[in-house]
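These are the structures in question, set out in turn.
Shared between the two complexes below is chain A, which has chain B as its partner in the first and chain C in the second.
Now for the complex of A and B:
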C-alpha cells in the first residue's frame, strides 16, 4: 500500500470490516429465516433505490414508476423460465437487456416533459404496464405466475435455505454500488449532475441533455429488471400488484431519507427504513393493527421536515463526521484534495 | 473586414407577433474584442442567443469560419470551439466550484479522458480566472463577482476559440469591474476572440475595438468606440434629444 495516505488505508480497512461482517452474518442467523428475510429485503430494496437514484438523485428526473421496470423484469424472466423452460440465469440476463431496450424506446419521448410533468407521466406509464399485464392472457392475467418448485439447484436459481439468496442479494447490492461509484466519478456522472443542476448549462458546454437522460434511464431500468428477476426467483410467485405505484414510492424513500445526492444514500436509507418498518410491524402490528404504518409515516415526516437533504446530507456537514474523519480515520488536509 | 470568424447576415427573430430583432448584419473579426451595446429591450440578448444556438433565427444566416451554423444546436457549438456565458448566472449551485468546471474539461475540446486529467484542467482554468482559492466552496455560496468569474471559467475550460460574454460585468462595483476587464483582456491575449454585450460604457470603451449598437431590434451604428459614441443618433437614443421630448 505504498503511496496511500493513512486515511485511505483506514477507510479501506473499515470497508473490509463491513464486508466481512456482512459475509459472516448468515453463519449466525441461518437458523432464523425471518431475520435472513429482512436482510434480503434490505438488499433488493436498496438496490432498487440505487437504480432510482441514478435517474432521480443524480440526473434530477424524478420517476414514480420504477416498480413497473422491476415488475417488467420479473415478468420477462418468469415467462422465459415457465413458458420456454429457459435457464433462470440466462432469463435474468435477457430480461435485463429487454427491459433496458423497452425503457429506452418507449420512454424516450417522456423526456420532452420536464419537472413535475415528467413525474406524472412516469406514474401513468407504470399504471399502463400494470393494466397491460392484468389483461394479458399469456402472462396469467391477475392470477400472476408461479415458478416451478423442485430440488435445490444453483443452475435453476432455486434454494431451500435463504442463505444462498442472501449471498446473491449481497453480490447484487455490492456490484450495483461499485457501478454507481464508477459512474459517479466518470464523464457520464458529471454529465448527469450538470443536467440535474441546469440543462441550459449542460447544452452550453457540449452535453446533449436528451441523450444522457435516456442513457441514465436505460441503466436504471436494467438494474430494476435484474432486481425484478431476483425477486421472482426468490418469492417463486409474481402478480401484477408488483407494479403498483405504492411500491415505486418505496424505492424512492430510501434514497430521499438517506440523501439522494449521495451514492450511499439509498444504502443508508434502505437499511434504516426496512429495519424500522419490520421492527414496527412486529412490535406493534399485533397490538393495534395499522399503528406500525402510522409510526413509519411519522418517522418519514420527521426526517423530511428536519433533514430535507437526507441523513447523509446532514452527516457530511456535521461534527460527527469531522470527529470520525480526523480522530478515527486520521484524515489530513492533503486527503481533502484527493 | 479581412478575417471574420463570425458572419451574421440579415438575421431576424419573431416571437409570435413581436419582431425582436430585424435584419441585423455584422461581422466579428478573429482575435479581436467586439462589443454590442444598446438600451434595454434593444434585442441584444436575442441576437446573442441566436448566434449561440440557444434558439434559431426566424430568417437570415450565421456563419462561423465560413461554415453555416444558423440551425446548429447549442451542444454542437462546443466542439467547433464556441463557448458562452449566461447573463443570469447559472452556477451548478450544489456542486463545489471545481466540479462546476470539470464537466467542461470532459466535454469540451480538451476531451479529458479521466477524472484526474479533467480536474487538472479545471484547476488550471480556476487559477487563470482567480478562483483557485475558492475551488472547494459550493458555487451557490459565492457572491456575484465570483459567480460571474465562474461563468467565464466554465466557458474557458471547453477551450474555445470564440467566446461570447453576456453582460459579464452587470452588478459589479468599480473595483470588481476593473478586475473583470483585466481578466477579459488576459483571455483575449491568450488568443480567444471575444464578443460581449455590456451596459457599462467604461468597459466597452476600454476593451472593444469595434462596437455595434442596436436599438428597437435594428443596428443603428457600428465602428470604433469613439466613432459610435459621437454618432448623433446613438447620442439621441442614449441621452435623448436637446429639445427635451425624451420619450424613452
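Now for the complex of A and C:
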C-alpha cells in the first residue's frame, strides 16, 4: 500500500483483528443466549448513542428526546408489518424515511431555540409523541404492538437463535460507525463542529446553521429509526414505554462517558456501561433492583467530575496512548502530521 | 359550573406546587445558568424525608417542614460544593446538564433500593376532614398546604428583595463578573442558591406528602413541569415562574375536564412547545 505509513497499517490491522474477533464471537457463545443478548444490547445502544452524538457531541445540540425517534421508528415499522403485512426489510427502510421526514419537518422550527431551550423542547417533543401513541387506538394504545411469531425466515426478519440478530446488529453498528467516520471527516462534519463552537462564526463564514442542524437531526433520527425497527423485530413486542425519557438519557450516557468529542466515544462508553450494568443486573438485580442504574449514575458523575472529556479524551492525553502508539504501533514523528 | 369551579381550585392548588418548584429551579438557573435536571428528585427526597420523620419519629408533616428544608439545604449545598462548582469551570453545558441528570438517576434508584418501589402514604388525624367553600369542597390538608405555599412564596420574595444574601443572589444572577468586582464571593452564593433551590423543592415535597403518594418515580413528572414553568415564565424571573406555575396547574385540570384526562399531558406539552417556538419567533422578529 503506497503512501500509508507503518503506523496506519498497524492501526488498520488492529481494527481488522477486532473485527474478526467480533465476527467469531457467536462461534463460542451461540449456546449462551444471555451473553449474546448483552452483545446485541451493546450494539443497538451504542448505535443509538452514535446517532445522538452526531447531533449532541458534534453539533452541540443536546437532545434528550432520542428515544422518541427510536420508538417512532419501531412503531412505524411494526405498523407496516402487522397492519399492512409488509416485508419487514421494506418496512424498515420506509420507517427510516418517514421518521427522517417527520423529524425534519416537525423539528425545523425548534432549531430556532438554543442551548437549554432546545434541550427542553426535545424532552417535550418526546413526551408528546409518547402521549400521542398512548392515545392512538390504531397503534394499540398503551398495550403496544406484538409482532407475529412464526417460522424462521430471513425475509421475514424472524430468527430462532440470537446469532442472526447478532450479525445484523454488528452490521448496523459497523455501518453507522463508518458513516459517522465519513461525516466527521467531511465538509459536513466540519460545518457541524463549527456550529458547535460558535454559531455566529459559522454563519459569518457561509455555513447556514439552521440548515446544517436540521440535516444532522434528520440523519440522527434516521439512524434512530433504523435501530428502532431492529429493536421491534428483535424483541417482537413494543409499547409506548420505549419512548420514556429515561431511555433517551440511557442513549446519551455512553457518548458522555466515552467522550462525546470522539466518533468512537459512544462505542467505548456503550461497551463499558452495558457490560457493567448487565453484570450487576444479573448478579444483584433480584435483591437490589435499580443497582445497575445507580452504577450508571455513579460512573457518569465520576467521569464528568474528574474526566470531563470522557474516557477516550482521557486516554488520548494519557501515557497509555503514548505507549501504545510508540511501542506497539511504531508511530513516528511523521505520523503526527497526518 | 360547580365542576368547573372545583377544577379551578384544584388547578390553583397543584399550580402552587409547580410554582414553588419552578421558583427554586429559576433561582438556580438565574445564578448559574444551568438547568437542574434533578429538581424533581429533590421533591421526591423531600417527600421521603417527611415520610420518614412521620413514620419513625412521629413528627407531624407540617412541623417537619423546617427540618426537611434544613436537610435539603444541606444536601444541595453539598452537591454544589463537591460536584457542580468544580464542573462549572469546564464551561461545558453538556457536562453540567448530564451531571444533574446523573444525580437524578442516582437519587431515584437509591430511593428504589432503600424504600422499594411501593407506594406509601401518610395519614394524620386531620387527613379526612373536608372544608366547604361555597360550592367547592376540598380536603383540609390541601387548603393548609396551599396557604403554606403562599406564605413561603411571599417569604421568598421578601428574602430576595430585602435581605443582604438575597440581594447578593440577584446581583450574581444579573452580572456575575460585576458581582465579583464588588466583593461578592460567588462560590458561596452558588452554594446558598443551590441549597435554597433544593430546600424549596423539598418543602414542596413535604407539603405534597399529605395527599399524594410517595414513590421513587414521583419526581420525574413534577421535575419536568417545573422546567416548563421556568421556561414559560421566563428564565430568571421569579414572578414569571409563580404566574406560570398557576397557569400550568389550571391548564392541566381544565384540559382534563374539557378534552379528557388521557389527553391532559398531550395538551400541556403541545402548549409548551407552541409557546416556546412562537416566543422565539417573536424575539427573532423584533431584532
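One rule holds for everything that comes next: the second predicted complex is superposed on the first by the 328 of 338 C-alpha atoms of A that agree within 3 Å, B and C clash if a C-alpha of one lies under 4 Å from a C-alpha of the other, contacts with A are read in each partner's own complex, and residues count from 1 in each chain.
The rule is simple: a residue touches a chain if its C-beta (ideal position, glycine included) is under 8 Å from a C-beta of that chain, and two chains touch if they have at least 3 such contacts.
These numbers were taken from a predicted model, which means no experiment stands behind them.
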Q) Regarding the shared-chain residue A:319, is it in contact with chain B (first), chain C (second), both, or neither? A) neither
**Q.** chain B versus chain C as contact partner of A:256, first or second or both or neither
**A.** second
(Q) Looking at A:187, would you say it contacts chain B, chain C, both, or neither? Reply first, second, both or neither. (A) first
**Q.** Comparison of chain B and chain C by chain A residues contacted
**A.** C
Q) Touch check for A:207: first (chain B), second (chain C), both, or neither? A) first
Q: Answer with first, second, both or neither: which of chain B and chain C does A:198 touch in the superposed model?
A: first
(Q) For the complex, give me every residue of chain A touching chain C. (A) 56-57, 60, 62, 64, 109-110, 112-113, 115-117, 119-121, 123-125, 127-128, 131-132, 134-135, 245-246, 249, 252-253, 256, 260, 288-291, 293-294, 296-298, 300-301, 304-305, 308
**Q.** Residue ranges of chain B in contact with chain A within the complex
**A.** 52, 54, 73-79, 83-84, 86, 90, 92-95, 99, 102-104, 106-108, 112, 115, 118, 136, 154-155, 157-158
Q. Tell me, which parts of chain A touch chain B in their complex?
A. 185-187, 190-191, 193-194, 197-198, 200-209, 261, 336
(Q) Which stretch or stretches of chain C touch chain A in the complex? (A) 29, 35, 83, 86-87, 90, 92-95, 97-99, 101-103, 105-106, 108-110, 112-113, 117, 216, 220, 224, 227-228, 231, 235, 262-263, 265-266, 269-270, 272-273, 276-277, 280-281, 284
